[in-house]
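Chain nomenclature is as follows: A, B, C, D and E, assigned in order of appearance, with residue numbering initiated at 1 for each chain independently.
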Amino acid sequence: MDVTTLLILLLIGAVATLVSGDKLASKVALLFSLVAFGLSINLLLQFNQGTDIGFVSNWIANPKVALALKADGLSMAMVLLTTALTPLIILSSFGNSFNNSKNFYALVLFMAFAMVGTFLAADGLLYYIFWELALIPIYFIALIWGNGDVDERKKAVVKFFIYTLAGSLFMLVGFAYLYSKAGSFLLEDLYKLELSHCEQFWIFFAFFLAYAIKIPIIPFHTWQAKVYQKAPTVGTMLLSGIMLKMGLFSVIRWQLPIAPDAAKEYMPILIGLSIAGVIYGSIVALRQKDLKKLLAYSSLAHVGLIAAGCYTLTVDGLNGAVYQMIAHGFVIVGLFFAAEVIFRRFETRKIDELGGIRSQASGFTSMFMILVLASVALPGTYNFVGEFTVLYSLSQVNIWFAVIGGTTIILGAYYMLKMFQNVMLGETNTKVFKDVNVSEAIVFVAIIGFLLFFGLYPKPINDLVNPAIKEILAVINR
Amino acid sequence: MDTNLALLLLLSPFVGFLFNIFFGKKVSKGISGAIGTLTVVVSFLLSICFFAQLNQNGKPFEISLFDWIQVSNFKLDFGILLDQLSLLWLLFVTGIGSLIHLYSISYMHDDENMHKFFAYLNLFVFFMITLVVGNNLLVMFIGWEGVGLCSYLLIGFWYKNQPYNDAAKKAFIMNRIGDLGFLIGMFIIAALFSTLNYAEIKSAVTAGDANSALLGLAALCLFIGACGKSAQLPLYTWLPDAMAGPTPVSALIHAATMVTAGIFMVTRMNFLFDLTPDVQNIIAIVGAITALVAASIGLLQNDIKKVLAYSTVSQLGLMFLALGLGAYTVAVFHVITHAFFKACLFLGSGSVIHGLHGEQDMRKMGGLRKAMPITFWTMMISTLAIAGIFPFAGFWSKDEILMVAFGHNKALWIVASIASIMTAFYMFRLMYLTFFREFRGTEEQKHHLHESPKLITIPLVILAVLAVIGGAINLPGSMWLNHFLEPVLAAKHEAHHLGTQEFILMGIALVGAIVGIIWANAKYIKQGFVPKEDAEIVGFSKTIYNKYYVDEFYTFLIVKPLNGLSNFFRTTLEPALGKVVYGFGTVANGIGSQGKKLQNGNIGLYLFVFVLGICAIITYLFIAQ
Amino acid sequence: MSPVLITFYFLAAFTLATAFLTIYSKNPIHSAIYLVLCMVSIMGHYLLLNAQFVAIVQLIVYAGAIMVLMLFTIMLMNLNKEDEVHKPRITRLGAIVVFILMSIVLITIFINSKTIMGEYDSSGEDFQSIKVLGKVLLNEYMVPFEFASILLLVAMIGTVLLTKKEKDQK
Amino acid sequence: MIENILNIIGIENYIFLTVLLFCIGVFGVLYRRNAIIVFMSIEIMLNAVNLLFVAFSTYHQDAEGQVFVFFSMAVAAAEVAVGLAILVSVFRNLGSIDIDNLKNLKG
Amino acid sequence: MQVLITIVSLGVFCLLAEIFNLRKLLVPVTVIGLLGVLGISLNLWSIDSSIDTNYLNMMATTKFSSAFSSLFIVLTIFILLMSDDFYKDIPTKFSDFIAIKIFLLAGAVAMVSFTNLAMFFLGIEVLSISLYILAASRRLDIKSNEAGMKYFLMGSFASGIILFGICLVYGATGYFNLEEIYALSEGVGMPVWFPIGVTLIVIGMLFKIAAAPFHFWAPDVYEGSPALTTAVMSTLAKVVAMATLYKLLSGMTVALGYKVELLIVIISILSMTIGNIMALRQKNVKRMLAFSGISHAGFMLMSLLTLSTAASTLLYYTAAYALAGIAAFAVIIMVTKNKENENIENFNGIGKTNPLMAAILTASLLSMAGIPIFSGFFAKFMLFSDTVKAGFLIVVIAGVINSIISVGYYFKLILAMYTKESNEEKVAIPFAYTIVAIVAIVLNIVIGIYPSLLTDLLQ
């Protein structure tokens, strides 16, 4: 068994969901996503036993493109993140009803398929194809099932699509150039390339544009908040939980090893930009009036830190970035879900209009609280492990990076707690807030359980990721 | 076996937390409280066991539970270290913790969320134990942040009141500023020594192969962390606000235990600070100034808990003064005695507030001596202790600090002495306003005046007793504490020999305290002065009463600009950035609109361009060279 | 100046003049007539080059068929009036400029290029008699010849299609 | 045995003539707005090219050039037929054959 | 050659069928016939091209010509399938339309198989004249008239230019035969006539593929012509012209000079940019696709920069583009059948009323925009990749920027389908359109998933 089974399963899942009809769609999708999760666990076990679960086959002769899927610690970690979050995300949507839900869930599964493909692909063009494929479902999910005014949503979503596409097309040019040099798109061949200084510069920034927009790093983030706000929460979760990580993952997998000299040369600027994103995102989040927008900006701040970790080019930086990706993936999904839970009951996301929920729903409050705390990286949560490692790596580069980047723990606490206070605390709200039901609780508990468990015992993830990162670093320092 | 016991010691309060959070609502309040208390008592008893064991064999107990965080140059395990310092801390944390839990059963009995209160309290004890017993800085950091979290939860316990929530938030964020310092300090240490384990750092530091400038920076950063947690200048403003929480919380967290974490940490890392005299100086100066400033603010506060809060800040300042002067044992000594009498004072004030159904303004109290005798007497003892009256516990510990200060720097001594005099003054002011003369509250309150129930008075009595005899642990002469802590302190401190100078200093301190008391007596008993209403306070008093406007200053300097910046970013910069992106589209669309005019349907024009194109191409290819 | 050359220049001047007048005349009928003259003068060129068959075909096809068709159309539409509004001045100016430009450009190139003066091939073989042309056309150029019939067929169908009224419509 | 006539006239002269004629045709297309005259201009262009074909045919002493002229004429005839058909239907609908009036489609 | 003969005889059959009143049989028979032709064309694959010299070097069946001919045949089959319903209201002219389309195909096949410029010229004229007729074929529709008139005037002007070019090439070489010309093209002492001639032919072809600055006719003509004709023009005609241009350039010159390459770069960038930017503000879908076609012409021109190796890329690109175009037009014709115009508003809400059609149109637009897994992506990618390899990074960057712009207007249509509310009842879709749309888009996706199907053909 190799990783293709996972991809095929997800694709079959998407098709099965499509044909299952509107009533069954959500359940079928959940079933398939759970099976996919089980399968990926199984794959992980195999991988840990040392079995090669990668896959290589020729696809196109000219240009030479191979169906190459590589499973190393890094990609397995990201695949597991995807397959673990997908059932949660699907389950989280059980409280909503969608028109044409068969299309909706099929798109969700299809997106999971594309994202898993992106994480696994070891051939540049295949990777690019998956990368773009992931964009289409989210476009339709956000466009058709989104909320708010249609025209505004349209504007935001189209901007998002064009903007991210614009970035990735430059990456495509980069790949085309690399292909002309290497004669192949295979990762290993690209790693072997000896590019001149100037070439590295252009390749690096072609890739950077794609990733900076996707991640997003300021000032390329302008699409983010609006789309998060307008997309249905499932879409927001997919975007923030997994899709952003595609960009960060790609930085580690593709950008840095292919153009290491450029990465080294521009490291201070890149880290500076990323950290500026941390501060900027945090400050903008302070005064947000919309819950989802606030979370979007918090996400901007967090991924800025992750990106900074990636660009440190140290073991800790890359490791920490991966940890933080996973941690952030879970926590942001949880937070957006909390926002959705509130919306289901109060039909608003305006922070001003909320408040006084705690006295009515203590269970929800506790879970929300834990998620808030995890997002501000309280020790004991997995986010702390990630943030600690990343900040540590920054301190190795320059202690001031760590100091400035570290302000996230202050500002983050500030805006998150402020939000929590305004949303949850205060006099009992006049509207009735029912505490979470079973399916909602499962989602929260799963996320919280994950974050707390690995917060105290991060070793398994560490052992999984570390060898792969070391390999990549060896390529970077070749 | 020891491992299991140590784990039990650590996890027992956590079990209490889990029980209370999940089942607390289903069982009766009594059971909830009892379980909460018992779990802490278990920890206390285990601490005693370990303490006895340690006393017997003198060997610290250290185990590693599991691998935790691993980074490039080192690996950290989740380890427990039970040595002299941590056991000492454990003893009074769990001991006082037990008493306060006991106290809370009665105090919080009327609150609908009592089980949560106990849950949080247990969680706090758990984190405090973690903080204390960790064998490396990162485990300490878990506890460090954990107690901050519990502090947040407990300050905002009455969450329906938004100002209380503000206070909670403020406490958390202020602490986080310190935490960042702590983190950076850790990073530097980790980078320098590739470890965060105390023992390993210690051996590396003493080997002396580190860059002293970086080491100094690390120490400074750690001290910033301590400032946040222990409410030193400039990060002290959260502590008075933290009085929004229920009184047992103030007693436990904001007087006896959590706020001393900074002192614990500095003591823990004493070998590091010993190598960085510049940082030590900074610590001493910050401590002294904090002591003075906080004491001066305490002079005019009218909220009974605020007075105690500023008193706490002031006393913590004194402790840092001692730390900065390298007198770690002295600081620890004061921490312990302070824990006794300050906890007692807080619980006493809680008893008063309980008796007055929530009234905290001293202007509306008075004459409670009769109605609440036990409360009065226990508080009186503690007040005498804090004022530094012989032979109460506070006298010994504070006196040592003053002596150390005198030995190093006279200016610091003077500052500390003034702070002590002020302390004596405002504490007696508190006592006079609360317990003497006639009652100034409403008739209805007067009618209901009564002594608090047993569960409240028993802890008071125990703590009062400790406040009397607590000084015994480090009496000049025996110096038990000094000897006990010797293994964990890098440099040996010369024991004080009681000479003439020392006696004179003791005398001066005592006289100073008595002067403060007499001053208070004169003003509030003889003259019968009652503080004026808020509006009537003028002049410098007003400045002091308003805490030197430090909060306002911070708001003006940091919060406002931050919010302004946020608003600017949100309303101006974000749309502008967005427009830049849209700008490309707008430009393209604009060109498109203009282009439509060229495509005007006129076939003559089309042909014209066609021919021009031909001419251009041919010219370019065949004529232009 | 050989007589041949004089004839050529005369014919060339005549061709250009009539071509120009075709365009310049306001009355379409006059234009058509000038065009016929132009065609005829081109036929003269063909004859000068001894391309007799082409010359005949030129006369038959152009002057005979095409021009008649055009005249017929002009008459049909009753366009034999000088009622055409001139294009805007700027357009006419543009047209003139382009005309001059294009002529200059093309002629410059041809002047600049190496001219092939002197002896031309003169194999003396017969290459342009009807006999030879017929052989070439129906042997080598058989396929295009047939294909040209498709072209004409298409044109025929098209013309019918464009002008025929739909039966089913009112 | 006839001498190559181009020895007397020179192929350049034919080229210049053709270019001028062709340019006059182009000029006509641009200058006039009467569709029929535009057709005629196009015919002038084609005729110019035909002339050059024959000249080149002589130049190369090769029959193919002249054969091509036949095709070119066939094409011209077909084009004129179709063009006039279109013209007629335009005239029927629009009542004029002024090409400047064809401005429904633009933008 | 067999291909051409068969096609022509099919055309003649159409004309005869009308006489015998076999109108109903027309489409089935021609489609089956064309499928047979397709079979022949593919069968010729195995035969070595050198054998097919019977026809006096007028035409040669090479892999290139067979591949492109097959593509044209497939496109024509799609067009014919749609004709049945499209010309329902004018049955008397039905056979004429079918015949013209088949002759058009004959012209197209001649254009890619020629070895003699005479065949090329006749082929392009057959194609053009057929298109003039088709464009003007709505006799009573003033827009159709105008489109036909404009197309005719400019088209015959362009024909004149091409003819002049051919003449100069002949003058320089003395041959019409491509092989001879190719052999001579490198020779010393080639008069300047030759490059000018080639340039003029190329300019004429640039007009046919609607590359800037010779593109002005395209939007007007596309808009005014009947939708099916627009489909022919934007898919078949453009593809034919592009293939022919490629064949001409690669057949007449050994290597392009630097200046020429630079010129191609400029024209390519200009076409892409003008096409895309102008398309942004269009309301009429046909007009929008016309501009989109202009930009695609710019893309296809890139293949001329790698003249010696680009044949398979060009085949792939044209196939991808044409299949997407056919699918898109099938939907557009269906949607705007009973409407006055083809404005975007007519597409409002199809996503709900007719999800299948909306999905197909979306897919074809995404393909044109170059989103993977649709073949449009690979097409663009191969083009970019080849061009980068040849060292023309600047065109590629311009191409990328233009791809981004293009998404803007493709999405305008998609947005209209999915986010606007429809104000109409669901209409029944004729089966032919559905089948054409589905098959075209499926083919598009299939070659997107297995690009080797096409790219290996011309290796």
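The rule we apply is simple: a contact is a pair of C-beta atoms (placed from the backbone, for glycine too) under 8 Å apart; a residue touches a chain by one contact, two chains touch by 3 or more.
None of the values given here were measured: they were computed from a predicted structure.
Within the contact network of the assembly, the step distance from chain A to chain C comes to 2.
The interface with the greater count of contacting C-beta pairs, when A-B is set against C-E, is A-B. Central chain assignment: A. Criterion: smallest distance from chain C-alpha mean to the mean of all protein C-alpha atoms. Comparing the centres of all chains, each the average of its CA atoms, the largest separation from chain B belongs to C.
Centres computed as Cα averages put chain D at a distance of 27 Å from chain E. Rounded to whole angstrom, the centroid-to-centroid distance between chain B and chain D, based on C-alpha atoms, equals 98 Å. Averaging Cα coordinates per chain places chain B and chain E 77 Å apart. Centre to centre, using the average C-alpha position, chain B and chain C are separated by 102 Å. Looking at chain B, one finds that residues 585, 596, 599, 601, 603-605, 607-608, 611-612, 614, 618, 622 touch two or more other chains.
Annotation for chain D: residues 11, 15, 22, 25-26, 29-30, 33, 55, 59-60, 62, 64, 67, 71, 75, 78-79, 82, 85-87, 89, 99-100, 102, 104-107 touch two or more other chains. Multi-chain contact residues of chain C, defined as those touching 2 or more other chains: 87, 91, 94-95, 98, 102, 106, 109-110, 112, 116, 140-141, 144, 148, 151, 154-155, 158, 162-163.
The full set of touching chain pairs reads A-B, A-E, B-C, B-D, B-E, C-D, C-E, D-E.
Across the complex, chain E is touched by residues 11, 15, 22, 25-26, 29, 35, 38, 42, 45-46, 48-49, 52-53, 55-56, 59-60, 62, 64-65, 67-68, 71-72, 75, 78-79, 82-83, 85-87, 89-90, 93-94, 99, 102, 104-107 of chain D. Residues 21, 66-72, 78, 116, 138, 141-142, 144-146, 149, 152, 156, 159-160, 162, 165-166, 169, 172-173, 176-177, 179-180, 183-184, 187-188, 190-191, 217, 562-563, 565-567, 569-570, 574, 577-578, 580-582, 585 of chain B are the ones touching chain A in the complex. Within the complex formed with chain E, the chain C residues making contact are 106, 109-110, 112-114, 116, 139-144, 147-148, 150-151, 153-155, 157-158, 160-169. The residues of chain E lying in touch with chain D in their complex are 117-118, 121-122, 125, 129, 132-133, 136, 139-140, 142-143, 145-150, 152-153, 156-157, 159-160, 163-164, 166-168, 170-171, 174-176, 193, 219-221, 223-224, 282, 287. Those residues of chain D that touch chain B in the complex are listed here as 26, 29-30, 33, 99-100, 102-107.
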